[in-house]
Amino acid sequence: MPEREITYREAVREAMVGAMRENDEVFLMGEDVGVYGGAFGVSRGMIEEFGEERVVDTPISEAGYVGLCTGAALMGMRPIAEIQFSDFMTHCMDQLVNQAAKIRYMFGGEGRVPMVVRTPGGAGTGAAAQHSQSLEAWFVHTPGLKVVMPSTPYDAKGLLLSAIDDPNTVIFYEHKLLYNKKGTVPEEPYRVPLGEANVSRIGDDVTIVTAGLMHHYVLEAAEALADAGVEAEVVDLRTLSPMDDAAVRRSIEKTGKLVVVEEDVKTAGWGAEVVSRIVEGESFYSLDRAPARVAGADVPIPYNRDLEAHVRPTPEKVVEAVRNLVDARKGVYA
Amino acid sequence: MPEREITYREAVREAMVGAMRENDEVFLMGEDVGVYGGAFGVSRGMIEEFGEERVVDTPISEAGYVGLCTGAALMGMRPIAEIQFSDFMTHCMDQLVNQAAKIRYMFGGEGRVPMVVRTPGGAGTGAAAQHSQSLEAWFVHTPGLKVVMPSTPYDAKGLLLSAIDDPNTVIFYEHKLLYNKKGTVPEEPYRVPLGEANVSRIGDDVTIVTAGLMHHYVLEAAEALADAGVEAEVVDLRTLSPMDDAAVRRSIEKTGKLVVVEEDVKTAGWGAEVVSRIVEGESFYSLDRAPARVAGADVPIPYNRDLEAHVRPTPEKVVEAVRNLVDARKGVYA
Amino acid sequence: MQNDGKRVELLRQMLLSRHFDEKVNDLYAEGKVHGTAHFYVGQESVAVGAIAALKEGDVITSTHRGHGHAIAFGLDVDRMAAELLGQATGYCHGKGGSMHIADVGAGMLGANGIVGGSMGIACGAAWAFKRRGQDNAAICFFGEGATNEGIFHETLNMAAIWKLPVVFLCENNQYGMSMSVKKATAIENISDRASAYGMPGVTVAGSTLDEVYNATREALERARAGEGPTLMEAITYRYLGHSKSDANLYRTREEIATWRKQDPIQRFATVLEGEGVLERDEWRKLDEETRLRIEEAFEKASREPDPQPESALEDVYA
Amino acid sequence: MQNDGKRVELLRQMLLSRHFDEKVNDLYAEGKVHGTAHFYVGQESVAVGAIAALKEGDVITSTHRGHGHAIAFGLDVDRMAAELLGQATGYCHGKGGSMHIADVGAGMLGANGIVGGSMGIACGAAWAFKRRGQDNAAICFFGEGATNEGIFHETLNMAAIWKLPVVFLCENNQYGMSMSVKKATAIENISDRASAYGMPGVTVAGSTLDEVYNATREALERARAGEGPTLMEAITYRYLGHSKSDANLYRTREEIATWRKQDPIQRFATVLEGEGVLERDEWRKLDEETRLRIEEAFEKASREPDPQPESALEDVYA
């Protein structure tokens, strides 16, 4: 039987639909998720199956409905909230950080908030500074939240099902440029465990750690590097929090070289955490080169296509960083 | 003439009062900043001098008044907004991150937002999870914002005056446990430049990088270490963004050892950025030990005094981390 | 209206609440509790009157000023006292303190250190009731200061369009910290805001327990009947400072004295006397009894074990 | 009311705005502009009518649907076109695009990609006018969908208590993206929300330029007189999809057709004809003239230089 290929968008939808069929307590709430099908069409068709009580169009009130989902989750329901662009997470930071993330701890373990907040992040669409951000590092820095960022349709489905099962609040980052990406996805439900990285390419020369859309850029770069005789090992974190630094460490022991590729702005991005976890442990002594980060420039995302490309990581920039690292001691990517 | 000693609280106030006397366009706005004098008494007495048009009590509407200050700043005024506890910055993330930080860039350089947002951060007061956070890493991760975190009354006054002068939005972190701290402060106005670290202690054996309240813990630790024959060089960053990593680098070249001490939770805190900037450059090759971070545990702040102490950095933990680093290759602080 | 036994019980709850907060206030003054706390003294009739109208399975959300709500909801003063002293046996095992006391299983969905912080949670509980077809409702308590937060607006609107079974109970105690409601808003009554959402608004004398009870009962009936939320405003007053550190510079002694004259406990006790439900010396006795109950709670709590330091690293994730 | 020349100019602005957005719509369809844009087609009378009531030194804030506001405020269509094409000569030198067009010096304080994002900014400008004793005011444009954001509530309340010289102008075009105002709120008129802040609320027929103009003028007079803000609601409709990617599944063709029948431009042109200010063929000429002006603007813009890639790293800080 041929393997079935579907898009990332369909994989996310399939996970939601599956979970909603299985469990009446799961519902989806967000702006234009109903007849419109969501700004990126992810929930298209769902309201027809589940009705407007379970696929709920909200007023433009991000704090309000994320707060409502937090309460519903505290009562044992399994809400999935959609934030139309991850830039608007700024509106529900209090609900997420001061309420959902902390309720369990503040209550001494007596309570839980099993909510999923899905949101598309990232740049590359010409939507400029307020519709292109990658702010996931904020949530990685927030104890009590988990942060997931799948790169393939397979992982999107499996991780979303795990996120919905999870008794904690999970921030689930999708990427606008991945929605049309196709990949093999089994029809039946399956779970990809949260907190486990995927070594998606084996290589001896350098370890490249990444997640989300950047994973594809890295694989592209890895091919180009292979042509030049450099074999990269690629670690797709998949979950940013909890972070599977053990997987990175294992790879470093072999390669002795670390490059992190992240889309968010470099300064205080999650890549800094990857680097720090590696260098503050034993792995420091396994590194034979200074580690490097390829990340978004420390600027908002500009509108003009060329300007946008200029500030984003690209496969070419990854190749360059790796070559600098491999070639010469001093050629560290700055 | 004896040097004048005043508290950190008074130093902050003196900067505000000085700026307001100099420039009619400077005003202070926040919850209970008027007759109440602010939750921590920082603005006590100011409304008497400047009236309620310039020391403005607001409704409990953090997003609203930070938004208003953003607009006033865009019109050329010099607002100082106070957020009562830095935990409530969650309420004005959109105004700060999507508006104030980006306006200049989105408008192609045609516009500026010279606003200061003052807010007390940090734990140690038994105020539990929603009143004790150190969230400054979020703003360090936001291009367009500057982030200041003074540790002494002298720096508090000088940095706040620079922040008010600055044509950009500056997040100014105070610390509740520093307000009563005394130090020498000249009466006349002076500026401490933003973006310049202060090497507050000279030593050859290890570089400890820190900021804010933690600077005092580090100095205490450094004394204890000196008794044990370890001379620490202490770098007080003072400004977290832009970050003076050059100062850290200079010190590392001498000591070959790096310990970062930060109060925020460790994962994806700003300490990770300090570590990463050092190791991804030439300084990597100057390090003779794996760097270490002493940071808040990855948990919300608990209420009970002992539990709170357990999760916060302390001078003892700093001493331990440094000794592990200095003593043995494998004793890295985890 | 409640039967006689129930009415005496309501008086008892108010007294328990008053003594609890007066005790905590003393302990702060003596430096025996750390952190901060906000006292409900003067407002007891609101929590007790409103919560009396609830039935099994209903829930409440509370605020930073939450001791009174918790006691009225039936939480155990022993475990509350233990929490304030940071003990392992407290409601939050010492992790929460005054501002986070909760008993989710029982339906007390938590005090909250964030002004307006529990309004989404209350709507979520109401949402769950509605979706599950349960005949239950939520009361969401908050101060008049909280009605200027954006979350107030967003949640009231959603509750209205979806007809959620929730009662928004604004305790208008005249101040948000030092900010007078007269300066913080340009309207007569907070309940006037209801019309912005198409829900009924009602203002009651918060010091009169029966008024609070009756209005809440009506609002709950509406909620359970699927007719949606109500914005209730109870006019009340806090006698003590906003929190332990408040010099009361923003109001006059006279104002406080005037309000103390219409004390809700006195008032309700007098009503009960008038109804022949309770004699004067019986309520003096009740007063003393509840005072001792609180003394005992804190005494007992002080002997409870501290949590293990390592427990600080637990309970971040389920 | 404006003199004849001014009235013809208002018609011209509406036509310019219409042609601008229709042109941009075409360019998207042809894949010649990237990113996204939101079209103002059908709503022109609101921006033009309201802005006509402003005077020198006044300011506006706009939204994601901002082209019409910018044109009515007098921004140069050449520089707007250049911005949409991402050119160095655009208002934002290619960094902003459709959603960030601004001319701060002139008083156009920016389009805004965040729903409700400019409400604080408008209040801040009004605050500056008040503090500086200037006789100026701000108009804050936003959609009816934005009135469900918390920031709406917070800023209207503050503007009311401080009597800021600002007019909150809600363009109720019936939908926030796909969400009908009937489902998103449980009230009759958005202007009913004014009473929650103690400010006047007024609803006008947005398709009738004169109604918009007159109501705005009154509100501005109030604002300048120190009497504070007004919440104005203009009933209007957008003909095109929410943004370039909208299948219009949430409304009917008939509904769109009905609204097109009361087209604001047609309507105003007819009024001018009736007043004898303009003959039918004159406005046909104006129509053609403005269409060509827009063609020219985009033609010119397409020949403007691209920004230097390195400029992407500039302008983060002043």
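By letter and in written order, the chains are A, B, C and D; residue numbering begins at 1 in each of them.
Going forward, a residue touches a chain if its C-beta (ideal position, glycine included) is under 8 Å from a C-beta of that chain, and two chains touch if they have at least 3 such contacts.
Computed from a prediction, not measured in an experiment: that's the story for all the values here.
Shared contact partners of subunit B and subunit C, listed by label, are A, D.
Among the remaining chains, C is positioned farthest from subunit A, on the basis of C-alpha centroids. Centre-to-centre separation between subunit A and subunit D, using Cα means, comes to 36 Å. A straight line joining the Cα centres of subunit C and subunit D is 45 Å long. Taking the mean of the C-alpha atoms as each chain's centre, subunit A and subunit B sit 30 Å apart.
Taking each chain's centre as the mean of its C-alpha atoms, subunit A lies 41 Å from subunit C. Each of the following residues of subunit B touches two or more other chains: 58-59, 61, 63-64, 87-88, 91, 94, 98, 105-106, 128-130, 143-144, 298-300, 302. Within subunit C, contacts with two or more other chains are made by residues 92, 94-96, 100, 112-114, 117, 148-151, 154, 157, 161, 183-185, 316. In terms of inter-chain touching, the protein chains here all touch one another pairwise.
Put simply, subunit B touches subunit A in their complex at residues 87-88, 90-91, 93-94, 97-98, 101-102, 105-106, 128-130, 135, 137-138, 140-144, 241, 243, 264-265, 267-273, 275-276, 279-282, 284-285, 287, 289-293, 298-300, 302, 329-330, 332-334. Every residue of subunit D that touches subunit C in the complex is listed here, in rising order: 148-154, 157, 160-161, 183-188, 192-193, 195-199, 228. Across the interface of their complex, subunit C is touched by residues 27, 53, 58-59, 61, 63-77, 79, 94-95, 98-99, 103-112, 114, 143-144, 146, 167-168 of subunit A. Those residues of subunit C that touch subunit B in the shared complex are 34-36, 83, 86-87, 92, 94-97, 99-100, 112-117, 145-146, 148-150, 176-179, 183-185, 246-247, 249-250, 306-307, 309-313, 316.
On the side of subunit D, the complex with subunit B involves touching residues 59, 61, 90-96, 100, 102-105, 109-110, 112-114, 117, 119-128, 131, 150-151, 154-155, 157-158, 161, 314-318.
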